[in-house]
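Letters A, B, C and D mark the chains in the order given here, with residues in each chain numbered from 1 onward.
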Amino acid sequence: MLQFLLHGLTVLLLPPLLPGLIAKTKARMAGRQGPPVLQLYYDLAKLARKRAVYSRTTTWVFLAGPVGGVAAGLAASALVPFGHTPAPISFEGDVILFAYLFGLARFLTILSALDTGSSFEGMGAAREATFSALAEPALFLGFAALAKANASLSLGTMLAFPGSLTTRFTGPLILILAGWVIVYLAENSRIPVDDPNTHLELTMIHEVMVLDHSGRPFALVLYGASLKLLVLGALILTPALPRAAHAWQNWLAFYAALAGLAVGVGLVESSMARFRMTKVPQFLVAGVLATGFAFLLMLV
Amino acid sequence: MLPDLLIALTMLSNFSLVATSRVSKAIQFAVLQGVLLGLMPLAMGLGRHFHIVLLAVAAVTVKGWLIPFLFRRALKQVHIQREVDPYIGYTVSLMLCALGTGLSLLLAHNLPLKPGTEYVLMVPASLATLFTGFLLLVSRRKALTQVVGYLVLENGIYLFGLLLVEDMPALVEAGILLDLFVGIFVMGIVINHIRVAFDSTDTRHLAELKD
Amino acid sequence: MSLYLLALLAAAVSGVPGLFLRRRGGEVATGLLGLAALLGLTASFRVLAGGSGGTLALRTAALGAPGLLVFDPLAAFFAIPVLVLAFCGSLYGLGYWESRRGNTPALRLVFGWLTASLVMLVAASHALTFLLAWEGMAIAAFLLVMAEDREAETRRAGWIYLVATHTGTLILIAAFALLARTTGQYGFTALPAGLAASRGGTILFVLFLLGFGFKAGILPLHFWLPPAHAAAPSHVSALMSGVLLKMGILGIARLLSWVPDPPLWWGGTLVALGVLSGLLGVAFALGQHDLKRLLAYHSIENIGIILLGLGLGTLGKSQGNPVLQTLGYAGALLHVVNHSLFKGLLFLSAGSVLHATGTRDLERLGGLGQRMPWTAAAFLAGSWAICGLPPLNGFVSEWLIYVGAFRGLGLGRQAWPVVILLSLALIGALALACFAKAFGAVFLGLPRTEAGARAQEAPRVMLLPMGLLALACLAIGVAPLFLMPALGRVVDTLGPAGGSGLPSLPGLGAISGMALALGLLALLLWRWLRPGSREDGLPTWDCGYATPDARMQYTASSFADGLVRGLRWALWPVVHRPKVSGWFPRPARYEGHVPDPVLDRAAAPGLRFGVRGAALLRVAQGGALPVYLLYVLLTLLVLLVWMVA
Amino acid sequence: MAWLLILVPLLAAALAFAVSSPTLRAWILPAVGILHLGLLLVALGGWRALPATAWFGLDALGGWVLLVISVLFCICAFYAPAYLALRPERDHRVLSTCLLGFLGLASLLAQARHPGIAWVAMETTTLVTAPLIYFNHNRRSLEATWKYLVIGSVGIALALLGTLFIAYAAHMGGLEEPLRYTRLMENASLLSRPWLRAGFVLTLVGYGTKMGLAPLHTWKPDAYGETPGLVGALLAGGVTSCAFLALLRIYAVVAAAGEGAFARELLVAFGMLSMAWALVFMIRQTDIKRLLAYSSVEHMGILVFGIGIGGLAAKFALFHLAANALVKSVLFLSAGNIHRSYASKQLPFVTGALRRTPVSGWLFLLAFLAITGMPPFAPFLSEFSIASGALGTGHLAGGAAFLILLGSIFLAMSETVVKVVFGTPSAQRVRTPYKDAPATTAPLIAALALALVLGIWLPRPLQAMLDHASTTAEGLPSARLEVRP
């Protein structure tokens, strides 16, 4: 019970911290002071108080994006285990629900972007749809490989780290994680797929889709993005985490790993530049190949 | 002996039929052939059967008198003398006719006659005449010549009928006479219509309907 | 049974009064179809609840054996979408077609016939009754497609459909003849064990697959489908795409139900065809800019998904694995119903768009969301469901297939489970992109044409059926558990399996729970957003460029461009890209089409070739009498020589 | 009774020739048609054993064929008065006479128990039908008549020779006149095989020419194309049936003599060839009547194919005789109506028939669907059974080819039919006063309804008759005893 409460609190409160960490890391790497780690909390608080402005072309669909994004993200968060603390809800086949909840979030975000009738946002939406179509197979191949590894269809048991590093699963596991990191970067639209804080709309993917959002809707968008960082992060961290004796150790390990992930993303972002749009698909296909190869290793 | 001679003459007339270019000549040969075949039953010594004599008489009168009469009339009306540029030239026709005769010999060879029949030439001759008639139908342009061809084809059948005429007269006679009737009268009528409609009996005019 | 027969009768005569009534004929027809639906659904539910269906023996003249109608669970199950869609379609037709006048009574009559033959077909269990209903359905559908035969395009589409369906029927005739040869009777009955693996079994399977494949629109036999669906009146398209195609699936299902021991390669073939139809179907849909053609290609895609399920189940069956069999068949059959619901919904709402704007061209639509909110909502619900997104019904059936495939992973070194998983995932992602494109291009942004700007919301009588279908989608999506006992019975008719084990799948309950939670969360967030005082009436922020106008919007083509280019090795798009040069380039038009691979690249050229060949042979009938006589002579000679030799 | 069936139509023919009032003459046709049908039904009702020495008499086969012809004649006869009223410019004295004469001769043929008589009847049929083709009295119809007459006479002459060959075969077997079928069948084993084969080949070519089997069918498109639909229907359903019957009689003897295999090969080959040949000429066929003519060639092919397959297929080939006759009559008559209304029978002038002549248009469309095998019409039953008969008896290739040909023919035929029936009538075409009237459509509707009924339900007596007929046609021993009125 306590576990679930903690799970819920983590989901609700922790996410905005991650972008802060990433930003801080980048700033440090660039030798800057950078914004405070809690910056996103301040922003959310401010946005929650601000008035929203709506374009005259928009309909209720415009709001379905942020709402659906956050709702789906929260629902999905209940399915994913945090490290070795099991997920509140777990059943056979929850992986599929997990994946499709993010699909739902994406669908609604794209629609709300198209609702503005702005060509820029349409462009962003098109890119989102295209790239995610490539990310999906990587995700599912990873699931398939893991499911084959420990004969289970539920995230909880599926993601559990298969014991010592010396098993024959280690190789595949590394490949899967590699592929999933690519998916992670793409889904969260980080460098090298997308540059969250570029100022040229033509090069954006996710940012350009939410250009027209403001006030509370925008707050939801930002929160939803950070939530995605957390939930997908949990997805790729869990298999990598060793099992500890006590629950609190597991929690600590998880939080540490999460922070590490954020810093890692920050390092990646400050160490390399965005790919050309035409190269992004190849990057994603690399992810597909990695996970696919992992699955093949599982077969033999 | 006599029948074989008549048969030989018939074959001869076949060749001369395909070889001639004059319509009137063709008609004469056809008539000649008709008369020869008309006399055939008597030559076969079937004279004792009255109905066969009747058949012979009918054949001779129709083929020897009625048909020439009709044809002459038609010829006068359409004043044509010769078959110009037939579909198949005369030399080729001759060869084909020879081929047909050979083929009919081959076929007849595979159709054994009733033991004891002395007219072994009958079947090949009839088939050969049949093919000759067909050849005329296929190779000539003038409606008249085609009717001549039909007539010759008819003669072939008649010739074969003579094999059976003694044993099953009803079948043979009815068939042959009726067929003659059709061949001549109906076609005569239609040719007349054609002449009126196209004022020519050249079947080239009769090739409008096609796909 | 009597209820079922009454439903059949009511449907058959539904159009008749309309021929004599001057007014209200449509209402009467709809009423009768409603009655038919009521009766038929009662009968179906009774059977699905475990009651006995009963059989009816019709005396047919031929072949001695009596033709049978057997109302078993499978029939009952397939009868549901038939009746629901027929009623909704007819109701919708009141608003959609009546307004156009013209051949309305005839259309109603044939619509009734189509429904009746469909209702008969589901229960037909004798070669003759089956073919009777099958052809009745085909011809009725043909006449309905021809409803707007003034357009040459429609005539072409109708002709192509007619030819395709008749070809399928002839193949089926051959199949049934061979079946009767092996089983010794024309009634449907289980095949002897071991037959399926034999050569005869192979021929049967291939023939049936071809015959039913034409109807179901399995690639590459789908070519009649896009034009026909585009040309038909929308409520007819709904019925065709929603139910007609499924009759091909019904046929395949019946075949599988006869075979106790399908060889492994049967399932493999089904999966392969499923992958082909599913992926290419959605890929070609991405390339379309005719709304109804797009939907038609999505029907092909969904048939692919259904085939994946059937294949999975069959693989399970031939490996003696009841779990896979149950999950695969359950997923496939449930998807049959689901697809007919949301595809019907989509076609109806597409029809409203056509009705309001007079165009199906995505590039000329847009911004209808403000003018026609209800239609937009309906279309959104349909897209939501067809993309398999929770919490609507599409997700449930796909989920069942997914779970089956995941279970299949445990079966040692077999590639097909992951093939199914991957293609499902890809299909899902692409479908999502495609419907984001469709919905966005039609309903979002600004209207691109005057007609679009002046569009009126569809009348209630058209909205009502859409609402019904949308509700059905939601109900199945939120509470799938209630269906499972019935579904289990249907699955068991495809061969003994643990169909009764379906309800005990833990996931289903959880899915309902998650669905509710999702709805609740969304509601809360919505409430939280709304009160935030808002300011309206400003233009979209367009990055400094003032006043964006409609022509600057991202079009459907450009939205799909990335994917279409990525898939050009499969789609072979035809693009007219003008060269823009000079300082003041003159206006230029960019166009891109994705022609159908089979119809436009194979069938049509083949036909032209045949016609040319025939034209050459025409000389045989040249009109010259001697030549004709020569034929007689030659025939005679050939025969005589042949006889001698 | 037998004589009545023959004499009533012939006398009526004489009467029709004598009567001067056109309307009155026109109404003789339906009257005689009904009378003939009634007489026939009475004749078929009674069960008298037919004496082996009878020269005339109905057995199951002859009865079946004559029944088909009589029904067909009724349909055409009831259509005739209205049609002839539409053509006041043409005197129909000859037409009516010849129609009635044809009916009489068909009855003669159907009842003939002797190949010679059958041949005579066939020959005279040719004679009386020739003037029918010439009804329009223009150059085109004259050409058609000429071709019909020459090809037909040649064919019939060959048939005569064939009959003589068979007679000679019997002669060699020691059989003497009169060579009634009964006699021939009973002593079939005595007949000399070479002559029998040759005789069959000749009769096949001869009567095949009259039936219109490819490549002997060449007169057909011209003849059917240039006559009124009325005559076309009767030729396609009636004359062909007569020739088919005459051929079947010979086939029965051949089969009974144990040469069945030889004959069946020929029949299957002719069937395939006819269907394929017809297909070639149906593709993009712009003339609807010629289209129907080729369709008739196709269906003659189906008939002989079915007989060649034998068994179930043979039985349903005989059933197809009826199905084809009925539906073809609808096709020809409705095509005739459309022709009347558009004053043309050619694409692209004839389009949108559903709009200009709704009833005829629908009838044309439905009949087309029926003839191409849409259930529940009768042709579906026969085509389905022939196909399954072929496949069921192991003729896999034959059955497959049969179905493929049917499919391709549908493809070809439907293209033209769809163009004719749907769409909008072309504007520049002059509009004739013709309108669909009950008088010109009711007989068609009746015929189509009949085809529908036959497809769903075949009355017991008819079924029994069909069984006997098929056994007779196949020369099976059981049939030889079953000769019955």
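Following the convention adopted for this analysis, a contact is a pair of C-beta atoms (placed from the backbone, for glycine too) under 8 Å apart; a residue touches a chain by one contact, two chains touch by 3 or more.
None of these values were measured; they are calculated from a predicted model.
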{"item": "Third chains touching both chain B and chain A", "value": "C"}
{"item": "Chain occupying the most central position, where position means C-alpha average", "value": "C"}
{"item": "Chain at maximum distance from chain A, centres defined as averaged CA atoms", "value": "B"}
{"item": "Pair with more cross-chain C-beta pairs in contact, given A-C and B-C", "value": "A-C"}
{"item": "Chain centre separation in whole Å, for chain C relative to chain A (CA means)", "value": "36"}
{"item": "Rounded Å distance, chain B centre to chain C centre (Cα mean)", "value": "69"}
{"item": "Length of the line joining the C-alpha centres of chain B and chain D, rounded to whole Å", "value": "31"}
{"item": "Chain A and chain D: spacing of chain centres that average the CA atoms, whole Å", "value": "78"}
{"item": "Multi-chain contact sites of chain D, meaning residues that touch two or more partners", "value": "146-147, 150, 154, 198, 221, 281"}
{"item": "Chain B residues counted as touching two or more neighbouring chains", "value": "107, 110, 134, 137, 146, 203, 206-209, 211"}
{"item": "Contacts with 2+ other chains: residues of chain C", "value": "618, 621, 625, 629, 632, 640"}
{"item": "Every chain pair meeting the contact rule", "value": "A-C, B-C, B-D, C-D"}
{"item": "Residue numbers on chain A that touch chain C, as the complex places them", "value": "51-61, 63, 66-68, 70-72, 74-75, 78, 89, 91-97, 99-101, 103-104, 106-107, 110-111, 114-123, 125-127, 129-130, 132-134, 136-137, 139-141, 143-144, 147-148, 151, 153, 201, 211-212, 215-217, 220, 281, 295, 299-300"}
{"item": "Of all residues in chain C, those that touch chain D in their complex", "value": "59-63, 128, 131-132, 135-136, 139, 146, 149-150, 152, 155, 158-159, 162-163, 166-167, 169-171, 173-174, 176-178, 180-181, 607, 610-611, 614-615, 617-618, 620-621, 625, 628-629, 631-632, 635-636, 639-640, 643"}
{"item": "List of chain D residues in touch with chain C within their complex", "value": "146-147, 150-151, 154-155, 158, 197-198, 201-202, 204-205, 209, 215-216, 218-219, 221, 262, 266, 277, 280-281, 283-284, 354, 369, 372-376, 380-381, 383-385, 387-388, 391-392, 399-400, 403-404, 406-407, 410-411, 414-415, 418-419, 422-424, 454-458, 463"}
{"item": "Chain C residues touching chain A - in the complex, by the definition given at the top", "value": "366-367, 369-370, 373, 376, 380, 384, 387-390, 395, 398-399, 402-403, 406-407, 409-410, 413, 415, 417-418, 421-422, 425-426, 428-430, 432-433, 435-437, 439-440, 443-446, 505-507, 510-511, 513-514, 517-518, 521-522, 525-526, 528-529, 532-543, 548, 550, 552-554, 558-563, 566"}
{"item": "Chain B residues within the chain D interface of the complex", "value": "107, 110-112, 114, 130, 134, 137, 143, 146, 150, 153-154, 156-157, 160-161, 163-164, 167-172, 174-176, 178-179, 182-183, 186-187, 190, 193-194, 197-198, 203, 205-209, 211"}
